[in-house]
Amino acid sequence: MKNLNFSPLKKLEIILEGAHQDFATDLLDRAGVTGYTIVNNLSGKGQHGFHEGHLMFNEDAVLIMIIVAVPEELVKPILEGYAPFFGKHTGVVFISDIQVTRLVKFTGAGEQAG
Amino acid sequence: MKNLNFSPLKKLEIILEGAHQDFATDLLDRAGVTGYTIVNNLSGKGQHGFHEGHLMFNEDAVLIMIIVAVPEELVKPILEGYAPFFGKHTGVVFISDIQVTRLVKFTGAGEQAG
Amino acid sequence: MKNLNFSPLKKLEIILEGAHQDFATDLLDRAGVTGYTIVNNLSGKGQHGFHEGHLMFNEDAVLIMIIVAVPEELVKPILEGYAPFFGKHTGVVFISDIQVTRLVKFTGAGEQAG
């Protein structure tokens, strides 16, 4: 059995062209984020006419969304790391508040799941 | 380089049968939302027994989720636009608070990304 | 026509290996959640070094994300139901606040959509 501990975190949903996946995840690695989930099957459309600056994609681009949950203090460094990239490439990062239940396994052996 | 400006927006996650994608995105276009992201590979199940009115899908329907970030004042017009549709078809719209970093490129030429 | 009623709900995003989908949805069924949406095309990576206990996945695992919207009082029972499972398997549950428009069809016949 285990307890349910709710931890407030920030969820980042990073949408960008799949060609840049390694760049995006390398930056997360360097920020200390060791895990993430990627939604692969995205399409997108748009122009940057959206007045809040939601940069958009060519209709034929292959897009991915990288989902990570991070402590609040990591949000700014990660986004600052992405800023020069997004100055040259299209994409967007959605930031939202989530809670995550602490589900750590306290085995010494780690995952080792097949 | 660029600054990070955080803008509070509303995220809409519009889940509906893929056959109605054009209807859904046309309505967004008319509301002034020029960009969106679509998750294509969804499945769903359910009946409308859920007491909060979460309309659900036949197990064999091909579903999509359209993700858009809009200023708060656009939420009501968009949802009112969808209401007659959802009166006849299954689907659901999730609304949540997000922040988006302003990543506008100030080039005159626009995207032109390959 | 219909009215727009906004209901505050909790969104659960349950990310786990696809092999365990039936377990996860059966538990939702037993909790009284009759509908859900599943994103099928996920990949993930990680170790459990993330200090908030975000358990992660082998790079080759086939992952899914089950999205459900539930009344707040269902969150704890559902997560308690998952806890023993997550004690043995990797995965994570993101909890966030959403609003859902009440789009119930008041037809007697139900969906019956093709």
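Think of it as A, B and C in the order they're written, each chain with its own count starting at 1.
To be clear about the criterion, a contact is a pair of C-beta atoms (placed from the backbone, for glycine too) under 8 Å apart; a residue touches a chain by one contact, two chains touch by 3 or more.
Given the structure is predicted, the values throughout are model-derived calculations rather than measurements.
Colleague: For the copies chain B and chain C, give the interface type as same if over half of its residue numbers appear on both sides, and as different if under half do.
Modeller: Both copies touch with mostly different residues.
Colleague: Only C-alpha atoms count here: how many degrees separate chain A from chain B in terms of the superposing rotation, rounded to the nearest 5?
Modeller: When the C-alpha atoms are superposed, chain A turns by 120 degrees onto chain B.
Colleague: Measuring centre to centre with CA averages, how many angstrom lie between chain B and chain C?
Modeller: 19
Colleague: Multi-chain contacts in chain A: which residues touch at least two other chains?
Modeller: 39-41, 96-97
Colleague: Where on chain B is chain C touching in the complex?
Modeller: Against chain C, chain B makes touches at 15, 17, 39-58, 61, 63, 65, 76, 79-80, 83-84, 86-97.
Colleague: In their complex, what parts of chain A are in touch with chain C?
Modeller: On the chain A side, the touching residues are 1-2, 4-7, 9, 11, 25, 33-41, 69, 71, 96-105, 110-111, 113-114.
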